[in-house]
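Should a chain be cited, it is by its letter among A, B, C and D, assigned in written order, with residues numbered from 1 in that chain.
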Amino acid sequence: MLIVMKNKATKTQIKSVVKAIEKLSLKAEQLPGAQRTAIGVTGNKDYIDQGRILNFPGVKEIIHVTKKYKLVSREFKPQNSKVRINKDITFGGKAPVIIAGPCSIESYEQLLEIARKVKALGADMLRGGAYKPRTSPYSFQGLEEEGLEIMSKVSKKIGIPTISEITSTDQLDLFKKHTDMIQIGARNMHNFDLLKKVAKLDKPILLKRGMSATMEEFLLAAEYILNEGNPNVVLCERGIRTFEQSTRNILDLNTVALIKEESHLPIIVDPSHAAGRYDLVAPLAKAGLAVGADGLIVEVHNDPKNALSDGGQSLTFDSFKSLIKEL
Amino acid sequence: MLIVMKNKATKTQIKSVVKAIEKLSLKAEQLPGAQRTAIGVTGNKDYIDQGRILNFPGVKEIIHVTKKYKLVSREFKPQNSKVRINKDITFGGKAPVIIAGPCSIESYEQLLEIARKVKALGADMLRGGAYKPRTSPYSFQGLEEEGLEIMSKVSKKIGIPTISEITSTDQLDLFKKHTDMIQIGARNMHNFDLLKKVAKLDKPILLKRGMSATMEEFLLAAEYILNEGNPNVVLCERGIRTFEQSTRNILDLNTVALIKEESHLPIIVDPSHAAGRYDLVAPLAKAGLAVGADGLIVEVHNDPKNALSDGGQSLTFDSFKSLIKEL
Amino acid sequence: MLIVMKNKATKTQIKSVVKAIEKLSLKAEQLPGAQRTAIGVTGNKDYIDQGRILNFPGVKEIIHVTKKYKLVSREFKPQNSKVRINKDITFGGKAPVIIAGPCSIESYEQLLEIARKVKALGADMLRGGAYKPRTSPYSFQGLEEEGLEIMSKVSKKIGIPTISEITSTDQLDLFKKHTDMIQIGARNMHNFDLLKKVAKLDKPILLKRGMSATMEEFLLAAEYILNEGNPNVVLCERGIRTFEQSTRNILDLNTVALIKEESHLPIIVDPSHAAGRYDLVAPLAKAGLAVGADGLIVEVHNDPKNALSDGGQSLTFDSFKSLIKEL
Amino acid sequence: MLIVMKNKATKTQIKSVVKAIEKLSLKAEQLPGAQRTAIGVTGNKDYIDQGRILNFPGVKEIIHVTKKYKLVSREFKPQNSKVRINKDITFGGKAPVIIAGPCSIESYEQLLEIARKVKALGADMLRGGAYKPRTSPYSFQGLEEEGLEIMSKVSKKIGIPTISEITSTDQLDLFKKHTDMIQIGARNMHNFDLLKKVAKLDKPILLKRGMSATMEEFLLAAEYILNEGNPNVVLCERGIRTFEQSTRNILDLNTVALIKEESHLPIIVDPSHAAGRYDLVAPLAKAGLAVGADGLIVEVHNDPKNALSDGGQSLTFDSFKSLIKEL
């Protein structure tokens, strides 16, 4: 941590900051510059949470050097982590993992048809929403428990592992029973209560980035899970919110590339939610893998024109087929 | 809803869209333009959730006219709503409501001293965090249940109504028992499960805007609460996340002004979280009231230099005193 | 400047960075921490432009402490600057300066009527666009030279100083001759060639913030002008571009408040371009003055329904009158 | 255009809007809905610039359907445009065009070495800055005219076409004489005066997207050039400004993919300015080509540690070599 003093800060003011630092058993080293003095703080093992030092007279600003995250960082664990779903499917392994399926589970027949088809076309896992976090209370909210049961049956029948999004701690038992991997959605990335409780289920977790979460906040959300003793976290970039609204969210591949350096966790991309329209899904999927992502999660629907949610961004079987071929 | 067709859309393509609309018992009116045809959809009572129409061949884009929110809108209820805390304090009444107190409740003595002081200086309500949603799992997470009990005791002793932030549905009973108003924080604005369950407690709710929530999403989060039968919602603008990071969040007074037109709900501003530094709290507080906000929530601490959280943005008693004077 | 080394940086790597710093006649002080070493660089008088140090092996990141701007900073000149237009009108003086007028100058009669009216209602200066920087080449581009001549005539007739926006260095002579203050618009804030040449005209300049310029970039654009020997710069905040697009641009009053601390230059706000709709102009104008701005620039039109540009955000005489009364 | 009336709009108010539309020789069709009336406007050939209609009593909002751009759109010209530099190099042709070179031209020897090397490694064109638009007036501003002369000599010696950034209309003759393609930088994308004058030089133009320009504004800036009669425009996405500042700018590949649909113009990406750090350049370059870009512009320096500008994001010859191999 570096404490930058105002250029008119008095010696007494500097001293009182130094004393406050030393009271925390840290070392404070003065760096007198031409314009002002800065105070370098060392000796800390972790991030120092000292916003209050701003209140000392003469302090201009505080600059943090130590990152807040630890367990997720590559400095803590240099080699890539692998998150294993079963003997054939591992995130962070050699081949990218492809997750496909409908936005919402609508019926047993629908999910069965989609699961059979996407598996045949090369998907490794089946996605499908049972509880839908919708911005409007009047939108279709999902089949809920029934949806998870359908997913479980389809999974057994077809032999494909599953993932679905949890939205409340009330659903913990159901997800434990019915799914192979649990998704925490963008809107709940900052729901720390949910993060901690899902972490304890001891299932692999797909953690989506909040739509305006910084890289540091995203990694800290994963840190909450690792800190509960669950190392099986796969990150997912799904587009961030910016001034540009020609497409729904901007897929942030800068941060995917940087996370591959900063963290040992696998990370995949979701081109469907980033694009918001089916015709941009394939190019963004290819870009995601080109930048180094460990997999994809894409929406595929048997009949997008009649989908109960997000039809506009779902691939048909044909377009999913040609995407897989191009990859 | 307006469906814009591509300029090369065929008559057959236009017809098949018209048919799909009519199947929903809506009216579809063609508007042939010089470059392309648009299809006006009328007859709907509510927002039409038809992203899937994008999948019809020949469709270029879909433009929504009807807003998704209803109960919160001024078209639904033209006159201002009032949210009453007790016989003296009403949000949306003549005088702005001033809420003050520490970021975190640290001890009975601390909260008692602050409550006594801010009440004497003109605060209407006492704020204080018992459960703190912190980005890092290693930051101070609050006194939790003990904090709420302290708050309740202080409230009775001093005679000042209280507000605190809820972060999990596990805490519902405690909040029902100990607080006069419940805050849903920015990070939980999209936690629909929490919104619905808190709504049912039948207590006034302060709903903070998510840090990158649009006005529409913000109003829809309130709509979730009203839709559960609880009309006692006060909105709170606390700064949005933008490219500009010289200060923590940019206080969005455009949206405060627009919400006063669009919605009948009271809205207050939180200059402390917007500024992130104590010296900007007073000017932003004044600006908030000037634009028409119905109140303020500000952080005040007896000893900001030793606060356990957010000390950098807390006012001292002296600066709170001069703020109140200037207002 | 602080150079943060990777936690695995070798002693040799650290030494080679230290040497490179010392070659620049600066001092390099090692700050060994628990996780990694940082190197504090002191002895510099100005900002050090050393992005290239990132290329040294073992370097993780570089953190700048010294700000890039100097002449515009309050550390350089603690007392408020005043920019004087004539004996009655001074930006940064006791009273806020009110600038009013149409978006575009449309005719002599139009401008004369508006000038007469706004002066009578309390405006200090007359605004009006002659060269309009329009996003589309097909939009009305202004009356150009004729517009400036009209403005000059109206100014003499009514006795009100004028301001208009320059968009090209070809127009320097015309602006020197016809206007009392020259506006550099948001789209040209980063047009350094224009900044330098307008600076030399020795006229007061109104510098608008670019729509996504950070505070530092904004102040550096002003620094370009001061560095040419022209201290008469008034800053103008006119709304920034964010994800929120319910209104055109979000008026960033955080940055206005912070600039009042960081810089000695006067700053005004433009609620018309921030709001983009006439009904929000008055509340935002009041908020701007409440936060401490030194003036306002607002669009007023005799007949907004028939304005050739930006009619949607122009006040009528009546609404301008009531705004002035409320202020 | 769709004019949405307030739900309490009177018949008289609706009529007066209809009349105003008809006065413009357009057709106004009423679409009475359950909540409110909308008025569909047809008969226009181009975008209707009628912000002023907002001022009519009873109008709630205006929704534009027709895009403002025309010449650049794929509806105007369905097949891909090709921009030819010489008989071997064509943007929009089969192979992506690779542009490489230093941020700034520093000397004849430096540029000669870099040109020779990047050509041998597979670059098609040489980039190099002679006039540098720097945020700070105190940063190195380029060798200016001398830089262009150096570039011209190097180009002839090595036989590689060149591109450099123009920053002022004063430089038109020099660029006409010395370069094969002219770059308009992100900071000047909205400098319409420069756009129009460079357009008339009849040279191919590389137009960079402004750092917060929407897709529509970006295409309209190109429209300014085409509208002057110069069709040889190559677009360049170089990262947009968002809340996420772990890397310098977020490379917006959503918009690259969408522009390939909306416009016939070639588009390339600049991973160096997007990343701001050399280690992310290669993954972003690969992602850019994967999404469908027609080329790359990357910074390569013989000695990044001693570069006079932007050294932190420059590739060495070795890393450029391995990038080319991976592509």
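Note that a residue touches a chain if its C-beta (ideal position, glycine included) is under 8 Å from a C-beta of that chain, and two chains touch if they have at least 3 such contacts.
All of these numbers come straight from a predicted model, not from anything done at the bench.
Asker: Mind listing the chains that sit against subunit A and also against subunit D?
Answerer: B, C
Asker: So what's the Cα centroid distance for subunit A and subunit B, whole Å?
Answerer: 24
Asker: Would you mind pulling out the distance in Å between where the CA atoms of subunit B average out and where those of subunit D do?
Answerer: Roughly 38 Å separates the two chain centres.
Asker: If a residue has to touch 2 or more other chains to count, which residues of subunit A qualify?
Answerer: In subunit A, the residues touching two or more other chains are 212, 216, 241-243, 245.
Asker: Is the way these chains touch best called a line, a ring, a star, complete, or other?
Answerer: Topology of the interface graph: complete, with all chain pairs in contact.
Asker: Residue numbers of subunit B touching subunit C in their complex, please.
Answerer: Spelled out, the residues of subunit B in touch with subunit C are 212, 214-216, 239-240, 242-247, 249-255, 257-258, 260-261, 274-275, 279-280, 283-284, 286-292.
Asker: Across the complex, what residues on subunit B touch subunit A?
Answerer: Its residues touching subunit A are 20, 46-47, 49, 51-56, 62, 68-70, 133-140, 167-170, 187-188, 190-194, 211-212, 216-217, 220, 223-224, 227, 241, 277-278, 304-307, 309-314.
Asker: In the complex, go through subunit D and note every residue touching subunit B.
Answerer: 2, 4, 6-8, 29, 31-35, 38, 40, 42-45, 63, 65-66, 75, 212, 241-243, 245
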